[in-house]
Amino acid sequence: MNNKYFKVSIENYIAEVSFNRPDKANSLNEDGWWELRSTFEALHENNEVRVIILTGEGKHFCAGMDLQVLMNLQQFSTDCEARKRERLRKFILDLQASISSMEQCRKPVLAAIQGSCIGGGVDIISACDMRYCTQDAKFSIREIDLGLVADMGTMQRLPTILNPGFMAELAYTGRNVSGKEAQQIGLVNRAYENREEMMENVRGIARTIAAKSPLVIRGTKEMLLYKRDNSVANSLDVMATWNAAMLMSRDIMEAFQSYMEKRPPVYKD
Amino acid sequence: MNNKYFKVSIENYIAEVSFNRPDKANSLNEDGWWELRSTFEALHENNEVRVIILTGEGKHFCAGMDLQVLMNLQQFSTDCEARKRERLRKFILDLQASISSMEQCRKPVLAAIQGSCIGGGVDIISACDMRYCTQDAKFSIREIDLGLVADMGTMQRLPTILNPGFMAELAYTGRNVSGKEAQQIGLVNRAYENREEMMENVRGIARTIAAKSPLVIRGTKEMLLYKRDNSVANSLDVMATWNAAMLMSRDIMEAFQSYMEKRPPVYKD
Amino acid sequence: MNNKYFKVSIENYIAEVSFNRPDKANSLNEDGWWELRSTFEALHENNEVRVIILTGEGKHFCAGMDLQVLMNLQQFSTDCEARKRERLRKFILDLQASISSMEQCRKPVLAAIQGSCIGGGVDIISACDMRYCTQDAKFSIREIDLGLVADMGTMQRLPTILNPGFMAELAYTGRNVSGKEAQQIGLVNRAYENREEMMENVRGIARTIAAKSPLVIRGTKEMLLYKRDNSVANSLDVMATWNAAMLMSRDIMEAFQSYMEKRPPVYKD
Amino acid sequence: MNNKYFKVSIENYIAEVSFNRPDKANSLNEDGWWELRSTFEALHENNEVRVIILTGEGKHFCAGMDLQVLMNLQQFSTDCEARKRERLRKFILDLQASISSMEQCRKPVLAAIQGSCIGGGVDIISACDMRYCTQDAKFSIREIDLGLVADMGTMQRLPTILNPGFMAELAYTGRNVSGKEAQQIGLVNRAYENREEMMENVRGIARTIAAKSPLVIRGTKEMLLYKRDNSVANSLDVMATWNAAMLMSRDIMEAFQSYMEKRPPVYKD
Amino acid sequence: MNNKYFKVSIENYIAEVSFNRPDKANSLNEDGWWELRSTFEALHENNEVRVIILTGEGKHFCAGMDLQVLMNLQQFSTDCEARKRERLRKFILDLQASISSMEQCRKPVLAAIQGSCIGGGVDIISACDMRYCTQDAKFSIREIDLGLVADMGTMQRLPTILNPGFMAELAYTGRNVSGKEAQQIGLVNRAYENREEMMENVRGIARTIAAKSPLVIRGTKEMLLYKRDNSVANSLDVMATWNAAMLMSRDIMEAFQSYMEKRPPVYKD
Amino acid sequence: MNNKYFKVSIENYIAEVSFNRPDKANSLNEDGWWELRSTFEALHENNEVRVIILTGEGKHFCAGMDLQVLMNLQQFSTDCEARKRERLRKFILDLQASISSMEQCRKPVLAAIQGSCIGGGVDIISACDMRYCTQDAKFSIREIDLGLVADMGTMQRLPTILNPGFMAELAYTGRNVSGKEAQQIGLVNRAYENREEMMENVRGIARTIAAKSPLVIRGTKEMLLYKRDNSVANSLDVMATWNAAMLMSRDIMEAFQSYMEKRPPVYKD
């Protein structure tokens, strides 16, 4: 992986992906968005990776969209208003697809958030499996102050995380949410004292996950995603078919055997 | 607007709508329900209004259905049992439509709740965008004690706000929920010391919203409503089409320009 | 009811059902699963029962699947891999149906959880209407450590109860959740000091529910279940049709009359 | 009813509604669209009407949108591109609502089509319950030749009537469909020799329907509409609740009694 | 199987089930409905059966509900109107479940229809996989003339078979449809000259199906049922998981081998 | 485009894509499937193409899956049964995606079918917008005779084209359907005398489509696809938003102007 806007390191089945444009508060320009996608599509395929931590270099997690991208919207202009909008629509769909690559990546993605996480940064963390932050983190659906509706997933995925009353308050006011409040309203699982403590804990969780059966982790992510948009009855049916195919595995054997032998299981993939 | 059961005042793009039958604990008789609808349909169209606060005159927010309405159910009697039920069904649909008018109103509705909010009052606040209350507020799905299932939205919208365990507990027992507990379980965004503090804060939030682009606020409400009942994938697709039409606006220009000129934006509508 | 793995007592319209295999930490073997279903199907029909408390004999609530069941999976082996999986699929569907019987039982089910509630125990409480526990309770989606995806409802129903960030954390790590944390993340409505306090309070809630109109309780459970998997608009429509049929009842009369006569209502069924 | 663009006559529980702008091939200008809605909303409420025939005065059924309406699109112009599109969107939604009023009208609507039925005329007949035509009728999704996607229902309702292969062919090519072909592909139930034969037969069907229980006809329309957009399982459940409320009627008694007495039933409403 | 209202014979993997109350035109009384269910639940489990033909003894296929059942509706009366309707609702759900047992039976069900197929008979054939008839067959949604909405599946399943225009015409008028018209509108796959020809052909189709892999037939029925109520995208996903479990079978081997050996395949189950 | 298994020619905005492995009856090996996808993804982007004809070189349209692909299934074997099935599932999803590329291609795809169209060939034509064939064409869901459930779309898309009775008959029996019957049951729009007549007519339809506004054609395909899997109400709402963005185009102007000037419109893209 030849990355420019993201730093990627892989060790012990854990990938750490960092926004790497600290001088711009880790905002993403157009190339950054496409790199986000290629990065997660590569991690999706990489057998050396079982869990991913997404964090930011420097003081901030991610300041969202580089305003230059918005300024470039005139690139879509043609002499036909409708075609301009067709192109704009395609551009938005492409940006959405970039973020959706994190959701379609079959490994859990843990966001570790320090400093600012605003605008597009919120779209991004909404597509992660779990979110953790520092107490001095600062979240904001800033798009309202840019004069536009956040269109890369915040309005679609954040309502599955937040109480609708808070979702509305944050979306309408664009106000800042501190790390502490983020924990209270369920935007993150936990707010830690400082970055060191956060990274230590998040890495600990990642290590725990990396030690589990990667087959089961993949099935779990798939089933949770399916449930999110389907009825309980349909999801139960799909679950039964899934395990008809995937239950009897080398890993279930290893789980039993290691338990008998009183040793930690070792899952090969 | 020639209102009888609601007091409406409009200033600085903020409408304050108050239940105005304090001697009856702001319960609603049949005419009150129809006025609720006409009031919100008018606010929906009124360009001078960008955000709405719903509150109650006097000690209580709203005691729900005036029992007289239930006593009048015999009005549906005919010599045909089925036609009686057809009429009853239409009456319930009409009451539901009255409350849904708040949801279909394209401006955010903030409920500011003091004192009792019971029965139909809960149906009503469930259809608001955000809910705030005083610590001495008292909520109750009282219908269970009237011998009927709440049928104007509580059973349909409150489950999108509350944890299902609490939803069930409140629906089955009809017990009182204090302002403090309401905050803990997410029924309201915040419980304030007293009415003054609540109104000051809610008006502050309303002012913040009124200062945003009304175009973006409308789009935000529309998209959140769409997401509530649709899959993430479908909602992302609709979002892209929406912004293909609505992104390039006078307001996005004003947002940029005011930012450059270091002045607050002024959005005309 | 001739029960072996569950103890059932019925008094004052309240059924107490206890896992009754304390020497095995109330884990369920195959017969136990089928008895769970027959028990709840009987309670569903029993007019002497208006509300159900599910708890465990001994130190623990339920340790989930008896490992013997997993060991017996070879029972599905045949000389055709596909047919083996067909049988396995049917077995999973049957286990799911066992748990779904609690959801389809038209009376509220309150789980009162002490000690361990792990693996299949979590699938079970996810299908209850409300959950209460002791502070020393311990929850865990243990399946991850058995090398399999929990397939009896945890992945389908728990996401309707928990914030998705916590859902993912618990599913991926299998870590223990204490009674106190369970309350914080909404897995239970309340964590009590100890078993006595819990049982006293849960029985109190059960008595409250048993004193309500059983007709209305049934309608409430039905409507909440319908809403869980349907849009608000569809659910409102169904609600109106429901009350067209069920609103005008003996119970609504009794509610009014008892209120007039200043006595508690007595609902016959 | 004070109609201008539609002629309405009511006799023997049958309403005949005719497009009444024959000099313009019964195309609809803006006022015509609003009158379509008010007409069907009135028929919805009118107890003297049990079934509706929609046909056209003069040579043609309906030539669709008066091009003047498209020419007036500049009425939506403002100095904000997004607001222009907001208004346009509202205008389209209003036109759609006009046609949906036929679907929401609780009486069966039978289209009797002679001559041209093009553009908006196809949107309209797609929302009728049944369609009949003369052999010289001519259908066309003409919007493709106006440079726009038909947006008042053709793309949404016609696919529920036609095979998708024909739907696509007609939508992409805008070609004419004769009365005979319309019958072959299921666009109409039957193509008759000429207008007299068609009207005689359609009036016969209308008389048959008018002689049935209006209560049952209403329930039938409601249930078919519900099924169109819902699963079989959900629709069966709703059906059971519906008949719980509506089965035991004066009409079921009359049906039995008239059968016993060997006379035609007489249903009062 | 100890049947009274149905005659069941099994030979060469083909079950023939016949309505067996010819003196009552094969109408079903209450016990008949419950026997329909028990019959199909038994066939569902019976490994000697791979395909089912449903037909009628005597002159008619099935005259639907025995009117005695409707006359017995007073059995639901109690002193509470709502409870009466609760019971009625349960009764309807039970009747529906009886018919749904044919759909849930994992073997194809072929209806072979002669003479009258009216009322409940139409509900029944709507739940079959395929329908064939004689030219003198006569179909009618007769419920409209009994003063009630058909509530056992006709309104839910027939719209997936018929064009909506014909569905509405038949449901509103209750008119007779001949075997020939039934073929033209797709209500049956084919109308045969007479009963002998029909049975010969339907048995031929049944023999063809009985000679196929029963595993694949089961999967096919399951997947078609899933698709009926789900989106294409979801159904494709479920299909892939299904075949992940079920593709690699003894039957696929036998198919190949028999092809190589130029002999008909023999599938054991 | 450097194609091996497909021949592609582009002229006058019409692309003709032909299966090009006539010596193998145009069956597709693994590389053929991937080329199908890359071909349609390229056509999706190619502005010189407005409509696509899919046909076959030689005597047959497409014999479906090259059996070699099935023989290669052992490639998925590993020492873990579950992982084998994970890989198989991914392989099926990839094959499905290959066919879905035709649906996602924003230009209409017309299948012109001669000779055999069996197995995978049916999956492919089910994803086309329209289907035409010769009278000697022969269709068959042959997978049943290979001992497997067709898993690339036939079971998911063909039920939206065929009456469920025929869908079941063809899927369960695998029998041949002639061109003539294909027309009768709606599998194709029309069956022509011979290949020359078919190609002449299909090219005529393609020319008609190529002369329309490509913007409107794209919108039409998008809206029909959206409707297929969504309710009428949701689809109407999406339609209104779509035209809010796309109605006011250069093409609507050209349509008007050319009409005024009595000349054919010329749409640039």
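The chains carry the letters A, B, C, D, E and F, assigned in the order they are written, with residues numbered from 1 in each.
Criterion: contacts are C-beta pairs under 8 Å (C-beta built on N, C-alpha and C of every residue); 3 or more make two chains touch, one makes a residue touch a chain.
Not measured: the values here are computed from a predicted model.
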- prompt: How short can a path of touching chains from chain D to chain E be, counted in steps?
  reply: 1
Message: Strictly by the touch rule at the top, which chains does chain B share as contacts with chain D?
response: C, F
- prompt: Comparing A-F against A-C, which pair counts more contacting C-beta pairs?
  reply: A-C
Field: Interface residue overlap between copies chain A and chain B, same or different (over half shared)
entry: different
Task: Averaged over CA atoms, how far is the centre of chain B from the centre of chain F? Could you give it in whole Å?
output: 48
- request: Would you mind pulling out the distance in Å between where the CA atoms of chain B average out and where those of chain C do?
  value: 33
- request: Hunt down the residues of chain F that sit against at least two other chains at once, touch-wise.
  value: 81, 85-86, 89, 160, 215, 228, 237, 241-242, 244-249, 251
Query: Viewed as a graph of touching chains, is the assembly arranged as a line, ring, star, complete set, or other?
result: other
Message: Strictly by the criterion at the top, what is the full list of touching chain pairs?
response: A-B, A-C, A-E, A-F, B-C, B-D, B-F, C-D, C-E, D-E, D-F, E-F
Query: Hey, which residues of chain D end up touching chain B in the complex?
result: 79-83, 85-86, 89, 215, 218, 245-251, 269
Task: Give every residue of chain D touching chain F within the complex, in rising order.
output: 70, 73, 85-86, 88-89, 92-93, 96, 100, 143-149, 151, 153, 155-157, 159-160, 163-169, 171-175, 228-229
Message: List the residues on chain F that touch chain B in their complex, please.
response: 226, 230, 234, 237-238, 241-242, 244-246
Field: Residues of chain D that touch chain E when the two form their complex
entry: 51, 108, 129-131, 160-161, 186, 188-189, 205, 208-209, 212-213, 215-217, 219-221, 223-224, 227-228, 231-233, 235-237, 239-249, 251-256, 265
